[in-house]
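Note that chain A is present in both complexes that follow, paired respectively with chain B and with chain C.
Up next is the complex of A and B:
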């Protein structure tokens, strides 16, 4: 402590926050093993019934659906964010670089609900896409996009883009340009250069971005709730319905815990599976 | 591969052979700054041409222009007789060794070396044969399965060299290849690289800021400063007959004596320093009239102490020893010559002169002995 006299003071706020979070987690844990008393906010005695109930097909499907939604979102986000991150890192003009950075990061400051509402305006039956397509005479009945999985994915991709762009850009900026120059001098054209050098070397950023996007989407609530409108069920929306429509706090708590464990499990699996790929980029 | 006949270059005949690399007035600007001003350069087959200069002199820019990583703003570049000014780097058939080697970290040594062969569509068996040959050339047999990070700096450099040479490049470009190595390794790698370069007879452009490297490695040196090529000549000529002040002071150590121009006859000029009179080439003093102030450049080994024995009558300059520095094989004496030199002059003498012979404060008489003295118009710093 002598060398770091203020360590205690500096750490204390973090300790307070950590204590608060731990207490909240403990409360959820506690709720999850209590019996549900219909018609009452109070809970009953200890039970494991809440966890066995998770095995019912409705909830098993919700988990599967959520994972699929997360994978879809993370994949599309990756595909769309990679070129943006690449441009952000490689563009020479300072002005263009700032523009890309601002354009890709500002959505972060808008808040999920605002962004989701804007997507409702775009995707709705009388929304932007449908009116354009109608006025061009391509369709005569509106395409159903609201309350569908593709609609939810589209909005979630937008929500997840900024974080993915930032993580990919961080990865890309660590690639020494001389690797690409070396490949170029050895006769590799732009496409071969990208596939054999840039892409493998950006794998650490891709793995980090993909995992984060996955976890980010798993916990997303407002977007699937508003755009899915109850037709696209995810773990988060089910927790909300159970907790605040049925007031079944114990079951909502067990579902939340299961979601948390599931996220950790999937990310651990993904890390595992991607380890050889990630190693490609080691320096 | 990798035999002299294979790469097919006869012994370089610098004046007559068709140049492998030719730059005709190549200019490069970065914004308003001129990084390279009308560079004219011809590099003969098998020649090792060094671009030497301080940082920011344009040598790396010139290298990048030859490689195709930069586009010229003026002038033309020819490689092997073909105009390549507009040709992208990946079609120029060049091999490069980068300062940090830039070995692909995600590939094995063998795959690094094979990279340039794969892009050329060489078939697998042939690739394996040539990779093994290249590994043998740089004495790294059996290292093919390692990753670059498992190699030492010197080994990484060998791999980088093998990777650049295995494609049988028309030109080998070396961008400060030794700067990341420690001093002992650097010396041995220089010798080895020089041997490989000569054995293969591969035309080489070598960029460095280290004059020792340049003098020992090159057939010819292009000395650069502020975006211009100041002189292109063989190492001995650069050292003994520098064309301008910059070259004279950048290459090797040189002391500056203040002299007066006595007379000019044809190619030779007489310069007086105190009671001394020496002959220098007249070309560098063109346009000066007798009586003008000139700066005489003297190499440290061209300045000798005048001992009491024998030639004490020869004209010499009196000075005071400022400092003496024991350097192992020789002693550096810094001698204050009063009005004859603004800075103490450097006299380099073999260790036989024993540290005890001269000490600070001693009065010595010195005189220049070489025929290779040069003088330039006086410049006030």
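Up next is the complex of A and C:
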């Protein structure tokens, strides 16, 4: 028999945390099938009403809108993060590498509130962009960027950039440079080399980064709440309103649950759609 | 400044592109810094006059002070618990096979993709069902769940880089498993443990969405206090606080980079 010293000591704390998480998810599952008793925090009997209510236009649209928001954000983040990740991995100067790393990763640790607040100052009617455009004489009335979807997307892209850079860079750093050298010695120019060698080989990082950006955007609350200002409804802002404005926790639970199922479905779908490309990257 | 090739027009365009994107990344921090020193309560660019008064207000505002201490309490507990739980589990993952290993691993890593509001709502409902109040233990539990994946990853990566022969040597010289663990394995893991703890602490201190759900007036952390402030007031107090935040975080990260190599922790160094 193989000895496994301390196995119990190593695993049991983790089991406790896992139990806590499972209990929380079970609580959501249980509340999602219970009736809402207006004006009370207690819940009524079993019902499927919470799930049929999800089909009402407001919620169906919010769901669809959230998915689009996540896809838009993840796409723009990917486009902006790729060059940074590439530079981070390939740049030779150590100081420059550290600078790129600190500059692109610091926002990750600032939390959603600080970053969202910063974007409110950038995008507001008296904010940075409008002031600059006004003093340059390009506009005379402020551009409305707060409370709009593009404004929310800009801030969300900023929120998801660091994690995307990290995941893309991790993928890029594992590429064997000899493949590129081989392509070069066979006469491929830099663009062709990038398109046919580097990009396909970095696909695993792209898939991981894109799905994480999608999930993070779906999870974002402060950004759509403060920059969307009630004009841009997402699943997260609706769950909060349902919970803390109308105390309809059963419906909030069913909405969260639907969101969770959808996140997992989208991530699974993305992984599946990318599988042929990913296999290419593994070769 | 050197891209792999000679400075071709393509490489120059690449450098320019990366510079512009990094500008986008740093723009909010720059704007918030200018705002923080704006003397007037109303936003204006460029500010007419400058002062430190918003910093003074940010540091003396009661909710921020209380949120700061609450945040420290929650962060200290949560990151330490996460470190113990995470390093234990990372050791088990690295060394052993046991039943439900992959299930447990998937479950503990799932908070990376489960929305924070879902975890917050679930714990809130759970606390209501168990009729325990929304006290510190609930907030700490939420934070442990959320930061554990990061600790797990950090410790696991250091374990992979650890030379297993050192442990073998120790045990072949007659050291008990306990002695090997405490005098060989753990000391060798210190960089990974410290960086994992630091990572967890920074993330926990800044966690907002789940905390908003599970905290109340007496347990609210700094980000929740800041969120409540921005909904009520529009003066640059929060900008001043954000600047303090940005400076402290950048300093911590620079130190982490100097001592541990951030690239290694984040697994982005070229091999």
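Convention: the second predicted complex is superposed on the first by the 281 of 283 C-alpha atoms of A that agree within 3 Å, B and C clash if a C-alpha of one lies under 4 Å from a C-alpha of the other, contacts with A are read in each partner's own complex, and residues count from 1 in each chain.
In the analysis below, a residue touches a chain if its C-beta (ideal position, glycine included) is under 8 Å from a C-beta of that chain, and two chains touch if they have at least 3 such contacts.
Just so it is clear, the model here is predicted, and its values are computed rather than measured.
The superposed arrangement places chain B and chain C next to each other on chain A without a clash. Of the two partner chains, chain C is the only one touched by A:14; chain B is not.
The vertex angle at chain A, taken between the C-alpha centres of chain B and chain C once both structures are aligned on chain A, is 80 degrees to the nearest 10. Shared-chain residue A:247: touches no atom of chain B or chain C. Touching more residues of chain A than its counterpart among chain B and chain C is C. Using the contact criterion defined above for the overlaid structures, shared-chain residue A:197 touches chain B, although it does not reach chain C.
In the superposed model, A:263 makes contact with chain C only, not with chain B. Within the superposed three-chain model, A:51 lies out of touch with both chain B and chain C [touch as defined at top]. In the overlay built on the shared chain, the residue A:127 is in contact with chain C alone; chain B does not reach it. Annotation: superposed on chain A, chain B and chain C show a minimal Cα-Cα gap of 8 Å. Taken together, the two complexes place no residue of chain A in contact with both chain B and chain C. Considering their complex, residues 3-7, 9-11, 13-18, 20-25, 27-28, 30-31, 41, 80, 83-93, 96-98, 100-107, 109-115, 117-122, 124, 126-128, 131-132, 135, 158, 161, 166, 169-170, 173-174, 190-191, 211-212, 215, 218-222, 226, 235-236, 239-240, 243, 249, 252-253, 256-257, 259-260, 263-264, 267 of chain A touch chain C. Against chain A, in their complex, chain C makes its touches with residues 1-5, 8, 10, 14-15, 17-18, 21-22, 24-29, 31-32, 34-35, 42-45, 84-86, 88-89, 91-92, 95-96, 98, 104, 107-108, 110-119, 121-126, 128-129, 141, 144-145, 148, 177-178, 181, 202-203, 205-209, 212-213, 223, 226-227, 230-231, 238-239, 242, 245-246, 249-250, 252-254, 257, 262-263, 266-271. Residue ranges on chain A touching chain B, taken from their complex, read 176, 178-179, 181-189, 192-193, 196-197, 200-201, 279-283.
In the complex of the two chains, the chain B residues touching chain A come out as 67-69, 88-96, 98, 100, 102-106, 115-116, 119-120, 149, 163-164, 167, 173.
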